[in-house]
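Consider the two complexes below, in which subunit A is the common component and subunit B and subunit C are the respective partners.
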Partner chain A sequence: MVDLVQLIISGTATGAIYALCALGFTLLWQASGTINFAQGEFVMVPAFLMLFFINTAGLPMWVAFLLTCLVAMVLLGYTFKRAMVDPLIRHGVIPLVIATLGLSIGVKQLVKAGVTAQAQPFNSIFPDGLLSLGALKVSYMDVGTLVLAGLIVISLQTFLNRTVTGRAMQAVAQNTDSARVLGINVARMVLYTFLINAVLSVVAALLVTPTYLAKFDMGESIGLKAFYAAIIGGFNQTRGALLGGVLVGVLENLTGAYISPAYKEGVALMLFLVVIIFKPEGLLGKTEERKV
Partner chain B sequence: MKKFNLIPVSLFGLVVANGCFAQQGPIPIVGLVELSGTGATAGTNFDNGVKLAVKEINAAGGILGRKIQYTSMDTQSAPQTAKALAQKAVDEKAYVVMGPVFSGSFIVSMAETKRAEIPNFTGGEAANITQQGNPYVFRTSFTQSTAMPKLARYIKDAVKAKTVAIVWVNNDFGKGGRDSMTKALEAQGIKVAADVSTDPGQVDFSAAVLKVKQSNADAAFVYTNEEESARALREFRKQGYAKPIIGETTLTGQKVIELAGDAANGAVAHVGLTVDAPQPQIKAFDQKFQAEYKYKSDHNGMKGYSGMYVVKAITEKVGKLDSKEFAKALHGATIRAKDYPGVLLDVHFDANGDLDRESFLVKVEGGKQVVTATLPPVSPIQ
Partner chain C sequence: MSKTQRIALVIGLVLYAVLPQFLKSYGVYLMTLLCVYLMAAFGLNLIVGYAGQMSIGQAAFYGIGAYVAAILMTKMGISFWFALPIAAIACFVVGLALGFPALRVQHHYLAFATLGFNVLVFLVMRNEEDLTGGTFGISNIPRPSIFGYSLDGALPFFYFAFVSVILLAAVLWWLLRSPWGRAFAALRDNPIRAESTGVNITAYTLLAFAIGAACAGIGGVYLAALVNFIEPGQFSLSVSLLMLLAVIVGGSGRFFGPVLGSIVVVLLPEWLRFLQDWYLAIFGFAVIVLMVYLPGGLLSLGDRFKSGGGTR
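Right, the complex of A and B next:
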């Protein structure tokens, strides 16, 4: 029983990281109809940026994190939107999907050739060691990940639901034309979504890189799992992304421990297939209707 | 008057000329190395080791008065790419081919060098590499069937473990190591309490470590590639695993220590080569490597470096550049470090291309490998 609880806690921590990435997927989709298949690389790039600020510039971790957030907002938020999404989105989703796939490959190769092909160490912001609660032992890293990711998600939800800007962003997500009629600056709201996605990616990088290690291909796994998680939870619901992420993380852990670690990597895909077949809109998603 | 046919004469001339050119100019040696993909750490170190040796050899006048022209090609850690590049190395008339380091790639690519009768050195440790009757294959490290019994004896005598959990990577290297280790442990009366397979490039070891903990084994034996070893050690630390963590070569490699940080402390491994060994020629290598590349070499760098010096020693013994004669001369050869310090330790090659030499038991303490024992060769080197 203790093992089971430990597995659920550590799975939830891993799932929370998937959820941060999956949130990015759903936000971009809702605000601009963008599916970003370079989302995993959006986690990898900040990892290397932080390493640069820490190792080369000699800055402390928190400064490196803040600077990386700024650079990511410019590079992965603003520039990505203006240089790739805006010119392509008017041609439909498919060209953008292909373009982001290309971007994913391009960024990986760029880091591989221009920075390094080898994995780099990345220190955790949480201390080593275990937190003992009776027989239950949970690592500080899992607890810290869970708390930080949880805080980020709660802050985001509060921002979206309790602030004028957040509500305006939701209005844009629900109906762009109506939002425009109501006087909302749609272009700005969409840009905010891209900037938020960039920051979420930096937080995900901060949490996942100590385990994954900084490497040009580290985003492949997390990007794919976040995509599955977003579909599983519901691509048009931010709550769905959270549920999908946590579900994938916990089930992966349980499968690895009670069936075989060899099947662990396939869990997200299996769940994805089941959801696509029986509830294509996702567990918490809403069916989207289209006027013809 | 019968016309003189120029075509066959020209062709004959070309063949002769080609033969003459082969005995002049630089000696072409090709490295098939993992410069990207899951084997990037191992391949880059191996490649750097070879390059350092080539630089030294060329600066000292080359081999038989000829400079070495070394070209490295990236296999991307993919067996099919390695095979295609091996064919390219054959086309480029390589005298010797160095690598790949990954056993899985080497097993696929060595067919090409065998067909062309080109000696091929590998950093791979999988036992079956030298069990296929290929007379052109030579190792730069121990075969698993030599290393694992040494380690199993240590687990029995020093660790006094009755049960061991094995975590291994599901590729040719890992499978070979797991099979050899299982056999070696059984021979020592030690039971395998858990047999945990992991994937190449795996990033999350939480389930694997939990399996080890659930098995309640007296010790864990981890046999994965460098990056995965670091991730596994981090996960062992994260889950508070307090029992001995033992490995063979990769577990305590320099890159693993760098990647795993404090989590590497306490890990124990049998290593064929380590820059922390007390031998003066190894200390000298360590200094030269660090001066050249600004980082500390792992065992793969030493494999590449010593392998290149084996090429020099045997070519000078043969007295000419003849790939077939080279292969024949290396089988059964002994090369002493006093004659060729670049081979780092006295080394003997058997009829299969496997090598034998001293080896070391190391423990990671304070982020450094500390040699705790020097183990003799399996058979005394005469």
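Right, the complex of A and C next:
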């Protein structure tokens, strides 16, 4: 029983990281109809940026983190939107999807060829060791991850629901035309979404890289999990991404422990396929009307 | 096809047939690999270019074909000639079973389903060691013989694969020009009108998906016989992604698009060996540029200069 609870807690922590990526993924989809297949690379690049700032530039962790957020907002937020999404979205979803696939391969190989093909260690911001709560032992890393990811999610939800800008962003996501008629600056709101996605990716990188190690192909796995999470929860629901992320994380842990480590991914994958086939709008999603 | 195009095609085929005579065995191997890869890519073009669906799981079918054939040939001693149709039918059936539920909900769900399916197939190949040999794969896959004539040598097998891919292409060409294939043109140009004239969109798309999957299965059987050794890494999700990019880069929905695209991802990296990992990096970014300026693929370049005359 204690084992089960521990597995669920650590699974939730991993799932929280997936949820951060999935959240960015669904936000991009809602605001601009972008399916970003390079989402995993959006986590890999900040991991290497942070390593660069820490190891080569010798900066402290928190400065490196803030600088990386800044660079990511410019590169993965603004530039990504202006150089790829804006010119391509007019052609429809498919060319953009193909272009993000190209971006994914390009960035991955660029890091492999130009930086390193080896996995780089990355220190966790949380101390090692276990926190004992009675019989229950939880690592500080899991607790820290849960708290930090939770804070990010709560502040993001508060921003989206309580501020004028946040509500304007939601309006854009729900109906671009009406939003424009109401005098909302649609282009700016969409840009904000891209910036938020960039920052979420940096946070995910900060949390996941200590376990995954910084490697050119680390994004493949995390991108895939974020993708499962987004679809399982519901592509057009921010809450869905959270549920999906946690579900994927917990299922992975339980499958690894009780069924077979080789099929760690298997159950989440099956859930993903079942959801696509029987409830394509996702567990929490609403049936999507065609976006005009 | 215009007369010039027909002449160009014949010249191209003759050159391709003669060239291996002057190459070392690795060169012949690459040219054979291109033929094999093309079988799967032609199938993918049917799904992506003609039926307008995204499939990110073609390598899964490529792998199912290869594994079914390898298991039948090495463990049960069944001949290539029986393994080939069995593998093709297996892929066709699996394609129907996967495509039927996924295509009920249009949009990009076939893309998602094929993606998940590819990962699942990869996991099974890697983990079911008793059946698939796990990460060690299956080795010593025999090459076939035809009318008692062994195809073990590099050149004989090349000509075998070369003729096979031409036959496969001819069948697809014929299919696309049959009334069944014409329905695709109608679908692509105006789905609503096509549906109102009695074209059952879902059925047509599903059949195209299953036929495309069967083509990949056939390619997989040839691949197993060509390299004699298969392991899960040859059929991972990234292989599917690269194949999809190949078809789109070449020009999806153009019959010869996959040829150009497959050359870009199979042959070019070998000629440009000195670039190493940079090749794929450049390729990835080139795809983005291509999508922005030439979303129809490389073969649509001709249309830019003169309208009409396309081989769609």
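Following the convention adopted for this analysis, the second predicted complex is superposed on the first by the 290 of 292 C-alpha atoms of A that agree within 3 Å, B and C clash if a C-alpha of one lies under 4 Å from a C-alpha of the other, contacts with A are read in each partner's own complex, and residues count from 1 in each chain.
What we mean here is this: a contact is a pair of C-beta atoms (placed from the backbone, for glycine too) under 8 Å apart; a residue touches a chain by one contact, two chains touch by 3 or more.
Since the structure is predicted, the reported quantities are computational estimates derived from the model, not experimental observations.
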item	value
First, second, both or neither for A:Ser155, with subunit B first and subunit C second	neither
First, second, both or neither for A:Leu224, with subunit B first and subunit C second	second
Which of subunit B and subunit C A:Lys112 touches, first, second, both or neither	both
Contacts of A:Asn253 with subunit B and subunit C, given as first, second, both or neither	first
First (subunit B), second (subunit C), both or neither touched by A:Thr163	neither
First, second, both or neither for A:Glu265, with subunit B first and subunit C second	both
Contacts of A:Ser178 with subunit B and subunit C, given as first, second, both or neither	neither
Touching partner for A:Asn123 - first (subunit B), second (subunit C), both, neither	first
Which of subunit B and subunit C A:Thr79 touches, first, second, both or neither	neither
Subunit A residues contacted in one complex by subunit B, in the other by subunit C	112, 117, 260, 262, 265
Subunit A to subunit B touching residues, read off their complex	3, 6-7, 10, 14, 112, 117-121, 123, 128-130, 137, 139, 141-142, 210-213, 215, 217-218, 221, 252-253, 255-257, 260-262, 264-265
Footprint of subunit A on subunit B - complex, ascending	35-37, 40-41, 44, 170, 196-199, 201-204, 206-208, 210-211, 214, 227, 230-231, 234-235, 237-240, 255, 258-263
List of subunit C residues in touch with subunit A within their complex	54, 101-102, 105, 108-109, 111-113, 115-117, 119-120, 123, 126-127, 237-238, 241-242, 244-245, 248, 276-288, 290-292, 295
Touching residues on subunit A, where the partner in the complex is subunit C	35, 84, 87-88, 91, 93-99, 101-110, 112-114, 117, 220, 224, 227-228, 231, 260, 262-263, 265-266, 269-270, 272-273, 276-278, 280
